[in-house]
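Two complexes follow with subunit A in common, the first pairing it with subunit B and the second with subunit C.
On to the complex of A and B.
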């Protein structure tokens, strides 16, 4: 009995410490008034990697990112480009410290991201699907 | 210097960056340790640096630096970027610590114009060569990057970017002027470039990129040591040196032109990262700058937070031996030696095999441990400091450890 209980505690501990990759469904969102309906993966990559920061209709976009300590950010880049956050930060060091492109605006919280995109017409960011509201529009869904 | 750098890194590590929607502060830095086994050729990061690492030395100055940056949005189309890099310099001047300082006007996502101080986009990594976290190596291959002392360009550039297929095409033209120094074992020589015109074209997807760059420059000054040799040659009477005047003009660098050309590519193939670059520095106007062909190929394998890599790099140029017809060399041996030294000043001919291990021990801090085995050919050690008269071939081992961060 004691062994079974220990195993159960061990299992709960393992499950709690596992990354929540499988649980969180992420979507790329824009302001509800943005005319863009859909974006391709390559367009989303260009935008969040600072290569071509615009919507498909050519209008300039404002990319909004989370600060590095957020697990959601790690999941987003892993799903979008298949790279670790260390690799993404190394990449952005090349862009930022050469002044090649403006870095994305950073928000401390997912709620901050939702609020900014909901009130800024040309903003774009990523959030858990569960945080969607009527002022946001999904333009790309990240597959697990 | 090192202690101050460590304290600054510690301070910056405890701050997660001050940022608002319009203003962002960020920082990067490296603490680098270098040891070498040569008592004749002193290792240095590039030709601007004046402190070589010799056998028995443990050097913290060649690779260590701290950079701070401000990004300030002034309107939806205009922003300012300023950057300062604190490091040990051969000839410290305030303006040499300022590496970026430009205004950008981006009227659309396709076009941007930058005016002010930017980073030189001459070869693949010249723009971010001092940002250690940005590449896997402890330092970019010296064979290609060691010959370029410039860290900034004062002028303007225009870039065009567009989404093309699954990738992005980016083309940039730039113009301006630059200055730095080149150090020998005996002196630190200012070098100025004017009328710089360059073109850089890049096509990249998330998994691979190719790039071509070409830059033309005009050399704007004459080093004092060179001028003395030029004057001495010009004053030689015809019975010693028949065409001395004409020859002395061929030695002058001021007003002469040089060009920098590079083609490069990078590709992620699963866990492998391949990087290769072929570069050339040449001048049709003067023999003092020989045709320098250099390149490298790097293969890295990433396993989680660890990356193992190897690099083969080379640089090749002809060395100069005095053989002008009709000159009575036995009467002016010191001057002939001076002419040979001058024409071999930029002669670089060596090959390096490197193996290394990068460890990303957090999302924004990494270390790179790298061992270089370099064979220098006869008279080919321009990338090194050597205060002896012996310029013959040698094989040198250099061990380097760099810890780099970005915030």
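On to the complex of A and C.
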């Protein structure tokens, strides 16, 4: 309980100290041809944190991430699981040797991400809402 | 050291008490330690869980068997953990011998990314045996500590008790042991005990010794006094010339002095344990002695009298003044104290004097005084007797003509002649001048006349007087009377005999044959006239 409260206080602190991030709206997108229409937050988390490598309907999923220098990545993880990038990196480094889970593939730019998802049927990634096009389908909206 | 000594007792009690308390404390410690360890182990398990929670959470979230197994192995390597099991929706990994027990602690596991999302459970069973062992180890250490502490305390108590209590008591005891009661020796107070119980004990002991000394001193003085007195008494008793004998009422002799022993020796009598009451057997006149004592004791008086003792050594009469006193001793026993004072010599002297006083010097017959005594005793004992008063005729002329010496010779001659005709028990006396009295006890009255005739014949036998070269012969007149027939008193009897004698003298002038008259006949003759 106390951890949850601390976490809440921490969250409020972050939101107040970085008002610029709040302005960018992020969406989780898939290829327009992907039959999946909507995903829950847990389903999104499971794909990005390596638990599953398939969509809930059973089709193979390829999670696509940005490299760490992007602010968007930081915001994405912050919004999705409430963790910093350092924490996410630590997670991956912990399971890298023993675990069978694999981190998402990485793209150098947001444009690269858009390009990849638009051309790969099984891909899933996140982009600022402003970068949406018709080849992409929003399956989850990340709220502030 | 004395096995019942204070220190040993104290040591035994302290050791027992320490052992008992130690044992109980150990048991309680063990229980408390065990419970502590148990709850501690729960805390530790929770800590363990916290430590591994992020890894566990990740492993279960990913349902990665390798990761989960690693976590399980990591947990089970803890010595307080017996077994571990992690369950997820599709996976169940457990350590060897896993079995869910009452003590097992179950933790719900949540996704590292979503706090609300349960991803499985972790069950840890604590190793009770290990906890128990640990508790035992801890309580053993505690027991050892208690044992060491108890041992040290016991040793200190024993040392302190020995130096503070036993040592001073032993000192007092040794001192007291060597003290002779009644002397001025005292017990010294041990060091640093002036105000302790031992100090007051010493004070009490010394005051008791004071009292004892005083008492013994008094007793010693008293004993000296008694000894001195008893020495005097013994001297009095032992050196007494009178025999002193203490007997029981039945006659058993309790005590006698040397004088008594030598008296018995003198009498040639054996020394016996008893001579009967008041030494009766020693006396010739036992009956009189008995009467005397009974009467005296009846009147609560001292019995005193003069008695003759049995004498087996000589014919000599041994007279003793006998005093018998009854006394009640302190133990309420009655004792007779008998004193025998030898009065034989005095008695002999008195007898001699008496005899001298009663004897006529010339004729060696009884004189008037002696005769009176004898007659009186006959009267007292109411013995019948005949009394004859004899008066010589014409004696005065013999004195005048032939001189007093011739007269005396005649009187001696008459006396011896009278003696010849009489029995041993008869009393013959010279009443005075030329008068003689003859008393014949228990004589039949009829025989008297015949006896007087014999007497007349005897005294009329002539006496040759060489100085004068002549033979002289005297006649006599006699008067007789009887007791108790005629008179009852000596005086009256003599008067009667005198009267009868004078009557004879009158009649003799006419006829010499009437030399003797009875008073009874005189009375009859007077009645006739």
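Here is the rule we use: the second predicted complex is superposed on the first by the 123 of 144 C-alpha atoms of A that agree within 3 Å, B and C clash if a C-alpha of one lies under 4 Å from a C-alpha of the other, contacts with A are read in each partner's own complex, and residues count from 1 in each chain.
In this text, contacts are C-beta pairs under 8 Å (C-beta built on N, C-alpha and C of every residue); 3 or more make two chains touch, one makes a residue touch a chain.
This is a predicted model, so every value here is computed, not measured.
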Counting only touches as set out at the top, which of subunit B and subunit C does A:85 meet: first, second, both, neither?
first
Contacts for A:68 in the overlay, against subunit B (first) and subunit C (second): which applies, first, second, both or neither?
first
Have a look at where A:96 lands relative to subunit B and subunit C in the superposition and call it first, second, both or neither.
first
A:43 contacts which: subunit B (first), subunit C (second), both, neither?
first
If you tally the residues of subunit A touched by each partner, is the higher count for subunit B or for subunit C?
B
Per the contact definition in the header, classify A:54: touching subunit B only (first), subunit C only (second), both, or neither.
first
Considering each complex separately, which residues of subunit A are in contact with subunit B in the first and with subunit C in the second?
42, 45, 49, 51, 81, 91, 94, 98-100
Quick one: in the complex, what on subunit C touches subunit A?
55, 58, 61-64, 66-67, 70, 111-115, 117
Parts of subunit A lying in touch with subunit B, wherever the complex brings them together:
42-43, 45-46, 49, 51-54, 58-61, 67-69, 81, 84-87, 89-94, 96-100, 102-103, 105-106, 116
Given the complex, residues on subunit B that touch subunit A span 16, 19, 21, 24, 26, 28, 67, 69, 71, 73, 76, 79, 81, 83, 100, 102, 104, 106, 108-110, 114, 118-119, 127-128, 131, 133-135, 161-163, 166-168, 170, 204-206, 305, 360, 362-364, 366, 406
So in the complex, which bits of subunit A are touching subunit C?
3-4, 7, 41-42, 45, 49-51, 80-83, 91, 94-95, 98-101
